[in-house]
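Shared chain: subunit A. Partners: subunit B in the first complex, subunit C in the second.
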Partner chain A sequence: MKNILTVARRECGAYFGTPIAWIFIALQIAILSFFFFLYSPFFIIESADMRVWFGLTPFTMMVFAPAVTMRLWSEELRTGSTEVLLSLPLPVKDLVIGKWLASVIVLLASVVCSLGIPATISWMSASPVDWGPIMGGYIGTVLAGMMFLALGCWVSALSQNQVVSLLVGVTAGIVLVLALSPDFAAFLTSTSEPLARTVEALGVQSHFRSIERGVLAISDVVYFLSGSCLFLALTVFQVELKKQ
Partner chain B sequence: MDQSHPGGVSVTAPPSTLEKVVIEADCLSRSFGPTRAAENVSFKVKRGEILGFLGPNGAGKSTTLRMITGLLAPDEGTAKICGIDIASDPIAAKLKFGYLPESVPLYDEMEVIDYLRFVGTARGLVGSDLAKRIERISHRLGLKAMLRRRCGTLSKGFRQRVGLAQALIHDPEVVILDEPTNGLDPRQIIEVRDLIRELAEECAVIFSTHILQEIAAICSRIIVIHSGRLIADGTPEELAGEFREGWQVVVEGSGVDPQRCGELQLAEGIPGSPGETVHHWLGDSIPDLDHLQKMLEQSGSPLIQVGVGRESLEQVYLRLTGGEELQK
Partner chain C sequence: MNHRKSKFATRWISSLGLLVLLLVICNMIAIQFDHRIDLTRIGIHTVSPETGRILSELGEELTIEYWVSEKMPSGLQNLRRDTVDYLEEFQRSATAAGAALKVQVINPSRIIEEYVRKKEESGDIPAQDPAQALMGGSTSFADEIKQQLAQQGIPELQGRSFKDDGFEIVPFYSALVLKYLDRDVEAIPVHTNLEGLEYELVSRIAKLASSTKPVIAFFHGRPEDLITTDSSGSPLQQPVGHFDPFVNDILKERFDVRRIDLTKSSLVPEEASLLIIAEPNALTDRQRFEIERSIISGRPAMVMSSTTSGTLDQRLQFTPLAPALSRSLRMWGVETVENVLVASKECGSIEVLRAGPFGSQFRQPVPFNLCPSASGNGLDGTSPLTRGAGSIIFPFATPYAINQEMAAKAGVEISVLASSSDQSWLPRYSPGYTKEMDTVPNDPALLGVRHLCLLLEGSFPSTFEEGSAVPPWDPTEETDAADGPKVAPMESQPGRVLLLGSADIAKYASLSMYQQNVRFLVGAIEALALDPDLAKIRAKVQVSSALRKTERNERNLVTYGNMVGIPLILMLIYLVYSASRAASSASHENRVNSERVSS
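On to the complex of A and B.
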């Protein structure tokens, strides 16, 4: 754990010591706030929920997560600093988890900064706020974010070009969010029901929506955590492959 | 060639520590596609030795060093640091050495002190011990005024020093430096050489270079690598002695009558253009210089200088890396 924290601390320094993390947090909150206040019925019926906010979260995540993680390995590979990093007495899995943890901390900072939104709703709304779905939405955001960030880590380890990492990461995110969506699964139902069920089970949206409604099912938590573990394992494999 | 023969002579370390072998490379081979980057490279380094890894660019020096440091898996062979196999126990082996890659990659956004803290912590140093090591190494390398500077703003010379500091912060038993003087000015080169000499009092130093003068200046032992193969291993004196071909005549002049060449038996060594200097190998017998000079003068060539001497280390190196296979 000490090794992981050492690596995470360095990466956090790189994130928060430069504008990267702050730009990511500000942009994500600005975009979500814009659509939230534009499309939410909040100002019409004073609905005290954040369904629109969390409904948009997987879509912003599929773009912003690879933007955060694209530098994690690509930059090291480009500058050659992996030579020093991999000569340190640290297991590769600790390096991978440490870097990923730093990106998760950026995500958590973004979540904390966005807490002003439910606070504002609570303050302005005449009706009582139902905190269950909001809590669920935030838990879903963190869980989905962890998986997207792990995916981004893996993609970053594939190329030393950050732009390539970003584009491949966004494409992979689009597959997880849009291609494997409940709408597409419904379209496939007439062709093959098992295939439709598989598509829905693999996609992010079906799992995120139930958490967003305040239903924290074990299967959804397992989906996001196992997805994170899978992509982190692929990253370890990819970094080890550099020695071959 | 007996590749297990260490051949090294330490002038600094106490005799009791000399016997400890700290690097063992055994039949390391590595290919990249059809290119054989390293082939059957074997050698040992003892504590107190400064081993120069010499070879032209692309000879396989960095590939060999990367296999020793565990950054590259060999196709065949093993590498041990202080008796620990880098492949089977990489973490324990990596605690024993410090490594400076050729390009000196640093994290540009980090301050020097934060970078050294990160590397020190990753190497298991904590608290006051870490602070003392940073203080000591920054003093030793003249980095104290630079500790609060971002790595990205440092000059090439200071970047090199920070790279050296990260490699030395944990007092390793083995220091592996890949072209450590690359891109430095003459003053900085001298400083790095002095540092390497100092380091050899406490540990083994192995460093690669393609600059012969560097090796001759500081190394107690030289390994020459060419086309991925180890072609020579010994002290500078041993190399100059064991591998040179014998006596040579050095002729500087403006050409001789080709018809006389056969008589002079110097056909390959006759100067062809004014002012040209040629070296002609005469084997192990010492030539009669007076007789030679007389014969050349009789040939009608206005000679400037004729001399006889032994092959220099530089000439040995050039010949060894010029494609000739050494059969010794």
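On to the complex of A and C.
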């Protein structure tokens, strides 16, 4: 655990000591706010909740998570510092989890910075806001974010080119969010019901849908945690492979 | 080297395979034994356990059809998805309870298109009757099918959507239809939010599953008072009772209503699940005895009673009523205040004729302080009896006072469900509208909140002593106390009595004027008469959070404050942070350099 925290601290320093994390968070807030207030019917629906915000989360995650993680391993591979890193008396899994944890901290920082939205809603609400779904939405955001960041870590470990890592990460995100969507599953229902159900079960949207409206299901939590575990394991495998 | 790599790869791939297998198993177990935590305040997305119990009574498969358009108005963007998700949850609950339930989502546009296509293919010609068109009848195949759907309880609705800084009217469908065996279809023609959906579905399912309607006994204490003229004052061909529209058009749709006179030959039926006492006036002791026996047996009762009845037209005539149940109520801790209640604030309106230009007359609604209203904090929005009632208007009301000491002694618990505003007072009775009723008293002590609707719960004691003579049916009859029937011992069962301080609340004149009262009355009667589980489901209230009315400037402030303001603050924090780091780095460098120079 100490090793993990040491790595995480070093990576956090790299994130927050340079404009990367700040730009990432600021851009995310600006884009989400644009879609939430200007593009979506928030003022038309006139409902004091954050459903539209959380509805956008999987789509922003599929772009921003690879952007945050693209440098984690690609840069190390490009500069050759992986050799030094892997020669340290640290298990590879600690390195992987430490780096991933640092990206999760960036995610948590972005979540904290978005607290202006619920504060705004509370200010504009005519009656007491139902905080349960908002809390659920944030829990879902963190869970989904953890999975996307783990995916980003793995993709970053695949290539020493950061742009390639970003593009592959976004593509993988698109597959998880858009290709394996409930709409696509509905399209497949006429062809093969089991295939449609499998597609729906593998996709992020069907698992995020309940969270977005304030229902936290164990199966959804397990899905996101499993996804994180799987991608982290794949990252460990990839880094171990480099070590060989 | 290659051998080592391949050995490593084999080990890792097998480990990963094992991990994937483990994760798949974990996910399958989680899906199989899924547990959902509904984070909404009242668990609006969760089906109550009571629903499962009612659903378990279904013997055959029930079909719920959700007729919903793909394009919905602005405010209902999430409705389709939320409802579909909720129906899936409902289906899961039914399956867990061992009931067969099928959910179908139908797009009415496709049905309409299909119908029109088939008609056109068959060469039919739509009726082109201008008179019918003028009357709103069908003029095209699409109109034909829309009318057919409307007759099945699937009407086309209209909503508004924002478009180019204005509104556009969006026609849409959102109706639920329940089908069970060959019984009459039950429909929820207008479904626009999830609030109360569980109750709406379950109450209809309970009705479909039951081959008979619940029985309600209805007693009117002043049957001789009839409506003899219409609203314009012309005499009616056949006089009608003041409660006839309420009983025949509203209650009979849901209940088997048996009118009783509380005479020897017309008693409360054994199978009645509720006794409604409307406008009790000068009851005989025997009638009061029968009412008490019904309540003591555990049968819920609803009493619409006051000391004054009135007319809600230009004449404004008042009739005094004898508070017939006062003796019983007093024993249970409730005193009937024998004055009519007047409220200067929060009251219903009546239409009055005003003189217009050129000798014309027009009707204008004006606040009428003899119709006090209970709303906002004056209404218990959490009780299953008053749930969903935004306000209740009590025409010619008589308030109730609570005597907690007596109530405690009798073992009766009293809850206040509706109260008037604090600007209410009690003028003396008069057969007409007086100045005292029109003017707010100068003495603030005369003003205050009065209770207009009470719920009494508990095991009610009887005012008729055990072993004493049962009152005779004919009060003028001289009976021999020694030979006549005696009051038999009866174990008091837990029951509920709903007291409404207005005898006129369910009369035709007041219901046509205050339609919000219909919803309250029907809801309260259902909550009293139906399955107690249904009452629990009905009590689920979602306090919906809406945005308050905002100006464009305010909206711009929050939009750009969040979109530009927060990112700018972040950038500023970063600049300050990096500047302080640079400064500290420079100072450290300077210190090191100066140390080096000095050494």
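Convention: the second predicted complex is superposed on the first by the 236 of 244 C-alpha atoms of A that agree within 3 Å, B and C clash if a C-alpha of one lies under 4 Å from a C-alpha of the other, contacts with A are read in each partner's own complex, and residues count from 1 in each chain.
The rule is simple: a residue touches a chain if its C-beta (ideal position, glycine included) is under 8 Å from a C-beta of that chain, and two chains touch if they have at least 3 such contacts.
The structure displayed is predicted, hence computed values, not measured ones.
Contact comparison for subunit A: of subunit B and subunit C, C touches the greater number of residues.
Looking at the shared chain after the overlay, A:Gly17 reaches both subunit B and subunit C. When the two complexes are overlaid on their common chain A, residue A:Ile218 makes contact with subunit C while staying clear of subunit B. In the superposed model, A:Ser192 lies in contact with neither subunit B nor subunit C. Once the two complexes are overlaid on the shared chain, A:Gly132 sits against subunit C while remaining clear of subunit B. With both structures placed on the common chain, the touch criterion links A:Met124 to subunit C but leaves subunit B unconnected. In the superposed model, A:Thr6 lies in contact with subunit B only, and not with subunit C.
Of the two partner chains placed by superposition, only subunit C is touched by A:Cys229; subunit B is not. Contacts of A:Thr79 after superposition: subunit B is touched, whereas subunit C is not reached. Judged by the document's definition of touching, subunit A residues 17, 244 lie at the interface with subunit B and also at the interface with subunit C. Within the complex formed with subunit A, the residues of subunit B that make contact are 66, 69-73, 90-92, 94-95, 97, 99, 101, 103, 105-110, 114, 118-119, 121-124, 163, 166. Contact residues on subunit A toward subunit B in their complex (touch as defined above): 3, 6-7, 9-10, 13-14, 17-18, 79-84, 86-91, 243-244. Those residues of subunit A that touch subunit C in the complex are listed here as 16-17, 19, 22, 25-27, 29-30, 33-34, 36-38, 41, 43-49, 51, 113, 116-117, 120-121, 123-130, 132-133, 135-136, 201, 209-210, 213-219, 221-223, 226, 229-230, 233-234, 237, 240-241, 244. By the touch criterion given at the top, residues 4-5, 8-9, 12, 15-16, 19-20, 23, 26-27, 30-31, 33-41, 45-46, 74-75, 77-78, 81-82, 85, 161-162, 543-550, 554-555, 558-559, 561-564, 566-568, 570-571, 573-574, 577-578, 581 of subunit C touch subunit A in their complex.
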